[in-house]
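To start, the structure itself, in C-alpha cells.
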Amino acid sequence: MIIQLQTGLPEEKKQRIIEKVNTLKYKTTEVTTQKGDYIIGIGKNEFDIREIGQMQGISDIHIVSDDYKLVSRKWKVNPTSIDLGDGVFISEGDMAIMAGPCSIESEEQINKIIEHLKANDVRIMRGGVYKPRSSPYSFRGLGIEGLKKWYTAAREAGIKIITEVMQVSQIEEMYDYIDVYQVGARNTQNFNLLDELGKVDKPVLIKRGISGTIDELLYSAEYVFSAGNENLMLCERGIRTYERASRNTMDINAIPIIKEKTHLPVIADPSHGIGIRDYVEPVALACVMAGADGVIYETHEKPNEAFSDGQQTLNFRDSEKLINKIRKVFELRESL
Amino acid sequence: MIIQLQTGLPEEKKQRIIEKVNTLKYKTTEVTTQKGDYIIGIGKNEFDIREIGQMQGISDIHIVSDDYKLVSRKWKVNPTSIDLGDGVFISEGDMAIMAGPCSIESEEQINKIIEHLKANDVRIMRGGVYKPRSSPYSFRGLGIEGLKKWYTAAREAGIKIITEVMQVSQIEEMYDYIDVYQVGARNTQNFNLLDELGKVDKPVLIKRGISGTIDELLYSAEYVFSAGNENLMLCERGIRTYERASRNTMDINAIPIIKEKTHLPVIADPSHGIGIRDYVEPVALACVMAGADGVIYETHEKPNEAFSDGQQTLNFRDSEKLINKIRKVFELRESL
Amino acid sequence: MIIQLQTGLPEEKKQRIIEKVNTLKYKTTEVTTQKGDYIIGIGKNEFDIREIGQMQGISDIHIVSDDYKLVSRKWKVNPTSIDLGDGVFISEGDMAIMAGPCSIESEEQINKIIEHLKANDVRIMRGGVYKPRSSPYSFRGLGIEGLKKWYTAAREAGIKIITEVMQVSQIEEMYDYIDVYQVGARNTQNFNLLDELGKVDKPVLIKRGISGTIDELLYSAEYVFSAGNENLMLCERGIRTYERASRNTMDINAIPIIKEKTHLPVIADPSHGIGIRDYVEPVALACVMAGADGVIYETHEKPNEAFSDGQQTLNFRDSEKLINKIRKVFELRESL
Amino acid sequence: MIIQLQTGLPEEKKQRIIEKVNTLKYKTTEVTTQKGDYIIGIGKNEFDIREIGQMQGISDIHIVSDDYKLVSRKWKVNPTSIDLGDGVFISEGDMAIMAGPCSIESEEQINKIIEHLKANDVRIMRGGVYKPRSSPYSFRGLGIEGLKKWYTAAREAGIKIITEVMQVSQIEEMYDYIDVYQVGARNTQNFNLLDELGKVDKPVLIKRGISGTIDELLYSAEYVFSAGNENLMLCERGIRTYERASRNTMDINAIPIIKEKTHLPVIADPSHGIGIRDYVEPVALACVMAGADGVIYETHEKPNEAFSDGQQTLNFRDSEKLINKIRKVFELRESL
C-alpha cells in the first residue's frame, strides 16, 4: 500500500500511522521525495482500508497489487511529466527527441552536433563522457573535462544534456553540468547507484538491462523513487536474444506494456535496439507508433569516423529526415 | 549463382550450360517454377561471369553472395507480388489485411466473421482447421469438413482463405478449398512439407520458427522456391525469449531486415507477436510503420469463448478500429 | 486422471467407466498401447477417487496433477525399460551408448564404424539417412538405399540401428531396417509425425526442440504414448541461447529435471549439445554424472572429411577413450 | 601482444620499448601487478617479433590473438593458483569447496555453519552481507557489522571468507575482514568496480553476468588484471534463457570452454545454476566432471527459514553428502 501524507505532518502523527500499519503485519518504508512524503507498506494480509484511511494526517491511500509500488500506474494514474526547464518537457502526449553521438570526442564535434540539433529544433543532446566498454583497452571517454566543454557549448545554445553516470562518485562530479542522468544497460541493477540517484534532484533515465525483464526495470525505478527522486523515465533499448542479424532485439512489445504498468515516460532507443544504421529509421518510427514518449538515437557528422558505435550512428542528413518523420508519425498517432 | 534460362530451351543446351557450370566447381540444381527455369550454382570459386553469360540459352545470370539464392533481393530487385485473384494482391506498396479466428469452430462463427470482414472491406480470412497443439488432449481443429464449410461461405462472400497445412497429405486434401497455404511456426523447418509445397501452384505463407533465425526463415523459403513455387511470403510472428511479460517477443527489427534481404512480401502477426489482446493494436501499427506488407491477426465475435487463443483475439469492435488505423498508418508511411 | 483397465474388458463395461468419468466433467481419451488399455481423464474438478476406483474392470487409477499424464512419473514410478532384443536395453540403471556418424555416407564408412563399435562393445549405432538441412542445396542423405546397406551390415554385426525419421511416409518405409526411430529437434512438435509413431511397435527417441521447453518435450512424448506406443525415450541435445562460443547450450539442468518428471529414459547428446569436438568428452561425462541413462554422440574415421557435422565428430581414438570414461563415470555414479 | 618486463627496469628503458611498440601502430597500456610489469600492445599489424624481443629489459614477449590478453591461456600456459594462506588454495588440480548461506543472518547462524564446514573439512565459507535485491523493499543484508562478526568467528575456526562487494566504497571497508571479493552477476560489467578491485591485493572471484557471454566474462577479468590484480578466478552460475523449469540454465559448456581460454581457475555455482534444491547435487557433480576447479553452493541449517534463496539451499545433511560426492567425483576425474 502507498500512503500519501499531508505536507508538514508532525513526526508523532507519522509514527502513529506507521505503528498502525505495522499492526496489520505490513513492513513499512518511509519515502520523502521532491514532491511529497509517503509510507510504503509491504505485506499480503487483507484489511479494511478505512481503518487506516480515517487516521489523521493522511491525504490519500492506495492498495497496489504490483510488487513495485511507487512507480505503478495503479496508484498514480496521471502520467509523470519531467520539466527540464526553458520549456523542455519529457512527458506523455509530447514527443521528446534526444540525439547526439555515442561519445563526446572534441569541441569541434560538439559544436557541429549542436548546430545540427538547433537547426532541427531538437532541445536535448545525448553523448557519453564516461563510456562502459567491454574491453579495458577501448576508448573510455573524455571524462569530466569533456563534459564541462560540452556543458558550456550546450548552455549557450539552449540545449539540455543527458549523459551516462557509471558510479556513485560521478553523481556529484557531474551534477552542475547535466540535465538528465542516464543509467546504462549494464548498470540497471547497480542498486547502490540507484539508491544514490534517489538523493539528487535531477531527472534520471534508466535503460533496461541487457537482458533485463520489464519487471526488473520497474523495480530499478522503484529504487530511485523510494530513495527520493520522482523525476524518472525508462528506456527500452533492445534485449539480448539468439538472433544474430541485429545487435539486439528491439522489444517493441515492451513499450505498450511498460506504458500501462507505470506512470513514468518511456523512451525508445532504436540505435541500440537494432544496431544497424540503415534500419534505425523504421525501428524508431515503429517505436513512436507503439506509444513511446520519446526517442533517443545516435548521430554524428561523420559516423564512420566516430570513436564508438559508428555502425549504428546516423549522419546529419539522415538524422534530419528521421526527426521530421518522427514528428509526422507522432502527430498521426495522437490523432488516431 | 542464378542462371535464368530462356523459355523452351532444348534439354541439350541446358545440359551444356550445366556442364560448363560444373567445370567451375559449382554444384548445380535445376529449378522449374511457375514463372521460369533456373539453374542454381553453389560454390565459392571466383570466375569470369562472361564465360557463362555468353552461352546460348541464357536470359540472365546473377552472382548472389547470400547462401540462399532464389529468394535473395540481390538478383531479383523487383518485389514479388502475389495475385490471389478477384483483385486481391499481397505485395509491397499494398497493405494486405488478413483476419479471422484462431480456430474455425462452426458455420455460425464463420458467417459472423465473414460479415465483419466484408463490412470492413477485408478480403482475406485466416483460421485454423488443423491446429498444432502442445497437448494431445487439446482441441485439434475441425479438419477438412470444417474447411469445406468455410470455403463455401467464403467463396460466396468473395473472401480468400489462408489456413495452416501441417503435413504432406493435407496439401492435396486442402487444395481445392484454400487460397494460401500457411506453414506454422512449428513447421518452418519441416523440410519435407516445404519440398512438397514447392510442387503446388498456390501461394504459401511461411511463419518464422518459434526461435528461428531470419536466415533459417529465408532458407525455408528457398526450399519452396527451389522446388518450384515462387508464390511465397514470409511472416514475422514473434520469437521466444526470456521475457515473460508477453507470450513472444515481436521482432520488429526483423521486418526491415527481411525486407532488404528478400523480394518476398513480409507479413506481421501481432496477435502471436505479443499474445495479449490489449496490446495487439500498438504492435500491429508499429509493424506497419516498420515496413510490413501486410498484417494477419486474430478476431472473433466473442474472444472469451473462442476455442483457442482467446486471450490474444480482438472482438469485432476493436478489430474494426484496428483496420481503420492500419490503413491510416500505411497511408502515412507511403507518403513519408 | 489415468485409469488402467483390466485386460480384455468388454466394451460395455469400458463405456460405463467412460460415462462415469464424463459425469465428473472430465473429458476422456481412450488409449491402447502395446502394454495395456487406459482411459485418460482431463479436467479440474475435485472428486472422490473411490467413486471410480470401485467400479468393475479397473485395475488401477491415478490422479496426475501434471498436464501431461501417461509419461508422468506421478503414476508410473518404475522406470520404463526399452528392450531392443539380443540383450540390448535402454533403461535407468544401465548406460546405453549410441555412436556413429552424422550422415551415413558409404558401405566402407559403415563398415569402419561398425568395426570400431564392436571393438568397444557398443551395441547401438546412430547415423542419418534422411538429413534435415537448413539449406536445400546441402547433402540431404542417402535415403532408403543407404539405410538398407547399413541394415545388412549392422545385423550381421549384432548392432542395433537408430536413425531419424522426418515424415510420416518414411515410418513404414524404414520399419524393417531400424531398431529405434529418432525424431529430430526440428520435428519435436511435428504432431502428425508423433501421432503416427504412436501406431508402430518400435521404440522412439524424441529429441528436445531447438528451443523447446522441457514441458513441450514431455507433451510430445505424450502424443506418441497416447497414440499407442509406450516405448519411448527422450533426448537432451542443447538449446538455442544468445551464447555464441558453442553451437548450442547443453541444458545440463534438464537431465535431473526430466528424470524426475517422467519414467522414460533420458539420453544426452553432447555432440550437438556443445558442437565442438574438443569439448564433447567433458560434456558427455558431465551428462552421465547428472543422471543420463545413455549417451548418443558422433564419431567417424576421418571427422574432417565427414559429409556433415565434422566439427563436432570424434575420431575413433577419442571415441574409444570416451567410451571407457563414460563407463567409469557411470560406475562411480551408481556407487555413490 | 604482451611484453613481460624484467623486474626493476629503469623508466627510460621502459619508455624506449613503448616507443618501439607504438611505431608498429600498436596502442600500449602499462600494467603493474603483484607479480610483475607488463606492456600490453593492442593492434593488428603484422610485425617481426624479434624486432621487439631483442630489446633490452624484456624477459618475454607473446603474441596473443584473443582480444583479451592477460587472462588468455595463449601466453600463460600454467594455470593460476590462488593462495588464501594457511594451506588453502584455489587452483587447477585441486577442488576448492566454498559453502555457506545466501545471507549472513546472525551469530548463531554463522556458528552453526562454521561448525558444519569444519566437520567436513571445508575451508572457505560463502555468505552475503551486502545483498543485491531486485526490490528495494527486500532484505538487503547485515552490512559491515555482520561481516565483522562473521570474520571473528571464521578466523578463530581457520575458515576463509568470500563475500560480495557491490560498490567501490565497500572495497576498503571490507578489506580487513575478507579473503576473497566476489563480484556478483549484476556487477560483472560494473567497470569502475573492476578497475578498483585491480588495485587491491586480495583475490577476486568474478561471476558471469546474468546473460553475459563467455567473452564478456574474460574481458571483465582483463579489467581487474590490467589494473593490477592477478589473483582472479571466474565463476559460471547459469545464464538466463527462455526455459522456465529452472531458475537459470547452468551453462555446462562454459566450463571446458573457459578452462581452455584462460589460465584462471573456474568455479561452478550449481545453487544459482539450477535454483532448485533437489537438483543442486547432480548439477554440482556434473560441473566437477566437466572440469571445474571448485564448487560454490548455498547451505543453511534450516533452508526454509533462510532470509533469501531458501529454495536452492541445502540443509547440512545434504550438504555433507554433496561434499563427499564432490571429492569422489573429483578423484575419479583426476584419475581418468
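Think of it as A, B, C and D in the order they're written, each chain with its own count starting at 1.
Keep in mind that, in the parts below, a residue touches a chain if its C-beta (ideal position, glycine included) is under 8 Å from a C-beta of that chain, and two chains touch if they have at least 3 such contacts.
Just so it is clear, the structure is predicted and the values come from calculations on it, not from any experiment.
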item	value
Centroid comparison with subunit C (C-alpha atoms), farthest chain	A
Selected pair, greater C-beta contact count between A-C and A-D	A-D
Whole-Å separation of chain centres (CA-atom averages), subunit A against subunit D	33
Where subunit C and subunit D are represented by their mean Cα positions, the distance between them in whole Å	39
Rounded Å distance, subunit A centre to subunit C centre (Cα mean)	49
Junction residues of subunit A, two or more chains touched	211, 215, 240-242, 244
Interfacial residue positions of subunit D with respect to subunit A in the complex	27, 29, 40, 42, 67-69, 132-137, 166-169, 186-187, 189-193, 195, 209-211, 215-216, 219, 222-223, 226-227, 240
Footprint of subunit C on subunit A - complex, ascending	211, 240-242, 244
Contacting residues of subunit A [partner subunit B, same complex]	211, 213-215, 238-239, 241-246, 249-257, 260, 273-274, 276, 278-279, 282-283, 285-291, 325, 328-329, 332-333, 336
